[in-house]
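Shared chain: subunit A. Partners: subunit B in the first complex, subunit C in the second.
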Partner chain A sequence: MIESQIKDRLTAIVGAENYDDSKAGRLVYSYDATPNFQAMPDAVVSPRDAQEIAGIIKICNSSNIPIVPRGSGTNLCAGTCPTEGGIVLLFRHMNRVLEIDEENLTVTVQPGAITLDMINQVEARGLFYPPDPSSMKISTIGGNINENSGGLRGLKYGVTRDYVIGLEAVLANGDIIKTGGKLAKDVAGYDFTRLFVGSEGTLGIITEATLKLIPLPETKKTMLALYQDLEAAAKSVSKIISQKIIPATLEFLDQPTLKVVEDFAQIGLPTDVQAVLLIEQDGPLEVVERDMQKMAEICKVKGAISVQVAQSEAEAEALRTARRAALSALARLKPTTILEDATVPRSEIAKMVKAINEISHKYGLSICTFGHAGDGNLHPTCPADARDHDEMERVEKAFEEIFIKAIELGGTITGEHGVGVMKAPYLELKLGQEGIAAMKAVKNALDPNNILNPGKVFAKDSRKRVVVTK
Partner chain B sequence: MIESQIKDRLTAIVGAENYDDSKAGRLVYSYDATPNFQAMPDAVVSPRDAQEIAGIIKICNSSNIPIVPRGSGTNLCAGTCPTEGGIVLLFRHMNRVLEIDEENLTVTVQPGAITLDMINQVEARGLFYPPDPSSMKISTIGGNINENSGGLRGLKYGVTRDYVIGLEAVLANGDIIKTGGKLAKDVAGYDFTRLFVGSEGTLGIITEATLKLIPLPETKKTMLALYQDLEAAAKSVSKIISQKIIPATLEFLDQPTLKVVEDFAQIGLPTDVQAVLLIEQDGPLEVVERDMQKMAEICKVKGAISVQVAQSEAEAEALRTARRAALSALARLKPTTILEDATVPRSEIAKMVKAINEISHKYGLSICTFGHAGDGNLHPTCPADARDHDEMERVEKAFEEIFIKAIELGGTITGEHGVGVMKAPYLELKLGQEGIAAMKAVKNALDPNNILNPGKVFAKDSRKRVVVTK
Partner chain C sequence: MTTKEQRIIQEEFKNRMNEDELLNCMRCGFCLPSCPTYVESGFKETHSPRGRIALMKAVADGLIEPDADVERSLDLCLGCRACEPVCPSGVKYGHLLEEARDIINQNKKHSLSAKTVRNLVFNELFPHQKRIRAATGLLGFYQRSGLQSFARKTGMLKWLPENLVTMEKVLPEVPTMKEMKNRPSYFSASGVPKKKAAFFTGCLMDTMFLETNNATLRLLQLAGCEILIPEDQACCGALHGHSGEKQSAKELAKRNIEAFENLDVDYIITNAGGCGAFLIDYGHLLQDDPQWADRARDFSAKLKDISEVLYELDFHKNVKLELPSQVITYQDSCHLRNAMKTANAPRTLLKAISGIEFTEMKDADRCCGSAGIYNIVESEMSMQILDHKMVHAKSANAAAIVTANPGCLLQMKLGIEREELSGKVNAVHIADLLLEAAGEK
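On to the complex of A and B.
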């Protein structure tokens, strides 16, 4: 509950029309795309610029009011769930693409810009912004930066972090800082640009970003390799890379996922095979053709029963769209969809997929696995029902085992979804107490009153359960 | 002066043969490649592993003894000059390439490994580590990471930061942490990997690094474009990029630099032109040939009087070596060589080169300019004599104006050399008081007793002179 005197000061900054503390208004922002997390904010505030945000932060900092910055809430780690109340900060007035600079190959955007809208504007100029999270149709650039989003093109092109070269951010004390710039190189002080990328709004509120662009690849080709053996698919991935081919996309879908996706997308995906690899290469035509041929051969040698090249861009786009729809498709199966993000060195994918299957059998669960095989970034997904406490307990235990296995294989608990509240209890598995203590020290230095998205990244108690049933 | 009781504890850790407090031994490490900075350390210590470093740090932390980690000391910002005494930490026992992993495309190294040695080992496997600082023949990977070194291939491939994916580091409290891993994606907590890259040893001591590799490009071609007009050269750079060609290398040398380099290297560089661009492209043969032809045309249209393609790899290597020798060549002119690192958006290069020339005339100095034009990263270099106080004062004023101009053009005070002591007085120009305060808060959080390379990055007094004459 925000005191009326503070409400008056906040509305004086943003205008009454941008301050909503109605029950209905707050309910809308009480949850994000993460199942089973919900908490009511005290107010929803829509600032118009960085100065207004600085004013809001100063008030919140002196009154210990949490601030949760939120794009479209598509994250899967409860990163924007206002678990400790306070203000949800929306960027609906700060959603413009400010400039596309063709000489310096940069785009400058406000955090509320929709990812795909920006990508479309950039591509219309023959330029390319590679990060393409599956949620890009509705996700915002600010959200992508806060979560360091990945996507289907991460293997060749990297993730959001690799394209953020300058930021404007408001710190907890109300200071507005600028990092980096339209600069290919900048070592003036610590790399706050990258420190802020993926920090989930816990270190500052990003109010503007300068992103690096590259030339749009000339052509792109897409193919599907079909397998009756999971391990053969995983081995194809390793072999392609060790043969020094870096495809733009190298996605894996297992049979359960294929069935559900085909049922949803109806594009003629094979459902009688154990796994498929969706492989894309982009670049100059000669190179793309050569790489596609080499990869097709590798897949066959490693045991693919068939390799099919998409015959048109429409067919290729249908395949990509189907892959991006995997979460939506799986979400139709049962009321609760637990999608995880365990990531391993790519040489360990076969072992990880095998372990996921064993763990799912052990706990009597049906886990579908798909993901960015080229990145070693798998999304084991369990359709479940939050009302079934016994099942949810088994889900929790299974995912804990999956995380432990990923770490054992040299991996991490989250490749691209972020820690949020959801995975905070497992962070210690990856970082150890020492690593967490060091990160907490940085958090505390920049936000001593813990008003910036509190409760995210760092668990209140070590090793909690993955899903908190209410 | 280190107390004998502490010396005993330190030698108990590293062995007497790895603890040197002789005057001669300390003198060797009292300076680095930065002119005009010298300070005696109290001891030079060579640990054998991370555990020994942890032991050393704990002792230093409880006794307020500075620790200065040092590779080969090739940095140009006095980043490894022990300005506050204490211990210089050498990595001569921690200099191995531990593993090249061809499936995951990674190399794991100790900080003392020589950059070029590692690059040669990696290339022997058909893999590629792009960052190539001019000092790479003797620089160490640890030094490269601490300074976030750039090089001639930064435009297309990025800098050291873009290849560091995992670190082991010892913190000021003696904790050993591990960040990242052999992972294409990892968002488990704050991005400490990149925070540590470029932090100049002020946040922790790096004891191991995992670096990302990419496939070695199939071919490479090299050409020189000659200009009688500086601005025409700068405009060629902008035009190449805006035509969506990203060459591997796009280097600029002005006439004064050309003359000195040719005198030194004797490879037949033209010395009767105002400027040259050294342009390289690598990749598949078809693409390289197409890009080289397009770039040659652009250079001619923009006013190049001649474009010459190197006829052999030996000729190309001679050109690259000559470029890398620019600093050594310039250093022969006068006793003191002040080499700077102002960086601007590449669209502003013409303006920056013009400003440097005007400023050098204004102060009656001879400033040679060369650098990574494609990155907007210029190295204006002034041969001077530290004993000539009047000249040094003019040098200081000139470089201050150069930094201010770079910032005015949207640039930075250092693109790849680091801040160290040298540029600390100018950091505020780039970051503002607010930005510096935030970075200091992070430093203080991780190193409250300020034992890790103290005096670097942050100036003791704001806006000191660039060169401190003793």
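On to the complex of A and C.
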């Protein structure tokens, strides 16, 4: 509950139309795309600029009210689920692309800008912003930065982190800071830009971002390699990389995933094979053609039963769109779709695929796997039913084993989805106690009252995956 | 709503809402950009499909009560179902919405005036084709007797809300009672009959838009169809189904199934996307009724929109289509596109007309805001949507905006009137345009 006196002060800042504490208004911001997490915020506030956010933060800081910044709520780690109540902060008024600077090759945006809208504007000028999370048609740049989102092009071009060069953020005490700038080089002090990227809203509220752009590649080609053996597909991935080819995209989909994706997209995906690799290369035509040919050969040598090149951009785009729908399409199978994004060094991808299969057999689960094989980032996904407690327990155990295996192989518990609440219990696996202590020290220094997205990243004492409060 | 009503509605949500379908929404948010009300409301999740499903689930789960805000969220939904084809999980949003609206409307006490209007429209008018004819006859009298020009001249119309005044201007000149009554019930094919079709006339299409129905029949003949028009058919029930009057919708569905099931035909043809989407869903509507479920599915299996059939029968290749040089564009009927999955056929037919240049308008697949009676009951949102639609329509620089549903047709005419483009831009049903292109109009 927000006291009426505080409500009045917040309303005075943003206007009554931008403050909603109705039940329906709060309910629709009680969740994000993470299954089994739901908690009601006390109010939903839509500020119009950084000054208003500074005003809101000061009030919250002095009254210990949690603030949860939220883009479109598409994240997969319960990062924007208001598990401790408080205010959900929306950026629906702060959604403009402010400037595309063609001399410095940068774009400056407000956090609420939709990723794909910004990409379209940038590409219209012959420029390229590579990070392309699967949710990009609705995800926001602010959300991408806070989660350090990846995407299909991460292998060659990196992730959101690699393109954020300047930020404006409001700290917990209400100070507005600017980090970085339109600079190729900048070593003035700690790299706060990088610190804020992937901080999941726990260190400050990002209110503006300057992103690096690169020239749009001249051409792009897309192909599918078909396999009757999962590990052969995985081995092709490692072989391509070790042959010193870095494709723009190197995606893996297993048969169950192919089937549901084809159900949705109906573009004639092969559903009679065990796995496919979706491979893309971009750049100058001759390089693209040479690489595509080489990769096709590698795939065949490693056991691909056929390699099909997309005949048009429309066909290629249909394949990419279908791949992006994989997770949601898997939701067709059962009511609850639990997915993870354990990531390993790419040389270990075949071992990881094998381990996932063994673990799923061990626990009597059907785990579907797809993901960014080229950068070692897999998305083992388990269609389950939250109402079946026994099954949920087995899912829990299976994923714990997958995390442990990933760490053993030199990997991590999450490649691109973030820790949030969902993976907080496992963070210690990756960081150790000392690592967590160092991170907590940073958090405490910047947000001593723990009002910024509390309960995220760092685990509470006991693990609770299902949080539903009234 | 009283607390007692809320309690009953909540209980009904728990009992009647399909829990599996609610859980099927995994909240990925992929539907959000396709939702007109989400975009037009300034990105409010309460007015998005994901938000609405979450609200339905929360009511069913007992997390929140079905209060006025919940009802508002459901009321503001156009029911355009643009969220369905973009949903990778395949959530049947339309079914959820229909059920939720039915629960609320059946258990909520309407004001006396609302009750009177609802009873008049849903029970006394639409199920009775003769009365619709009579009402259309009255409109014809209004248009032809001089009353219309009197009303316009004296400024009587200014007492009506603004969009109704505009609506009054764009209503087509309706046929006479005689024209409405004297239509044969059998038409032979031109040339060798290829297929046998039964025609679903629709209630508004067969009165106010009789000319379009006649054009549709003629096109079917030209395409090689022999046509039967069963006398006992009724309104499709879409209006009832979308407004929380499911029981009446079921009664109408049964009448239609009976009227068509003993005809030995290849197709049941409709030329109104809104009706088609409801007719094709009879299988779902009557799924729990063992006496009717299979018969309903058989009915739906034969149902096709006119453009889909013409396309299948190669009408555009067999009949010479020609018009004076002009740019035309096409506005999808949401239900034709999202529910009947017909989007390519009308475009292919139009592109086959020599002399025309087909320009795709931006966001042609987005709702025009007509949505049944939405443009009357939610006129503010409807006009906001329409005004944005007209921006794209104008950029297409088309002389004709082609549609495939009477509601969309009227709404586009309304948009043309609002933009003061009448005379320069024309809105037309695809059947009328195709018949003109075939040289028969």
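We take it that the second predicted complex is superposed on the first by the 461 of 470 C-alpha atoms of A that agree within 3 Å, B and C clash if a C-alpha of one lies under 4 Å from a C-alpha of the other, contacts with A are read in each partner's own complex, and residues count from 1 in each chain.
Just so it is clear, a contact is a pair of C-beta atoms (placed from the backbone, for glycine too) under 8 Å apart; a residue touches a chain by one contact, two chains touch by 3 or more.
Source: prediction; values computed, not measured.
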{"item": "Subunit B versus subunit C as contact partner of A:Arg346, first or second or both or neither", "value": "first"}
{"item": "First (subunit B), second (subunit C), both or neither touched by A:Thr11", "value": "neither"}
{"item": "Touching partner for A:Thr336 - first (subunit B), second (subunit C), both, neither", "value": "second"}
{"item": "Which of subunit B and subunit C A:Thr108 touches, first, second, both or neither", "value": "neither"}
{"item": "Partner chain(s) touched by A:Lys23 [first = subunit B, second = subunit C, both, neither]", "value": "second"}
{"item": "Dominant toucher of subunit A (residue count), subunit B or subunit C", "value": "B"}
{"item": "Subunit B versus subunit C as contact partner of A:Tyr31, first or second or both or neither", "value": "second"}
{"item": "On subunit A, the residue positions that both subunit B and subunit C contact, one per complex", "value": "none"}
{"item": "For the subunit B and subunit A complex, residues of the former touching the latter", "value": "101-106, 126-127, 147-148, 150, 154-155, 159, 161-162, 171, 175-179, 181-192, 194-195, 197-199, 203, 214-216, 238, 241-242, 244-246, 283-284, 286-287, 290, 343-347, 372, 374-377, 410-419, 423, 427, 430-432, 434-439, 441-446, 457"}
{"item": "Interfacial residue positions of subunit A with respect to subunit C in the complex", "value": "22-25, 27-33, 35, 38, 40, 72-74, 90, 92-93, 95, 114, 135, 137-138, 261, 263-264, 325-329, 331-332, 335-337, 386, 468, 470"}
{"item": "For the subunit C and subunit A complex, residues of the former touching the latter", "value": "20, 23-30, 32-33, 42-46, 48, 50-51, 54-55, 58, 63-65, 67, 69-70, 72-73, 87-90"}
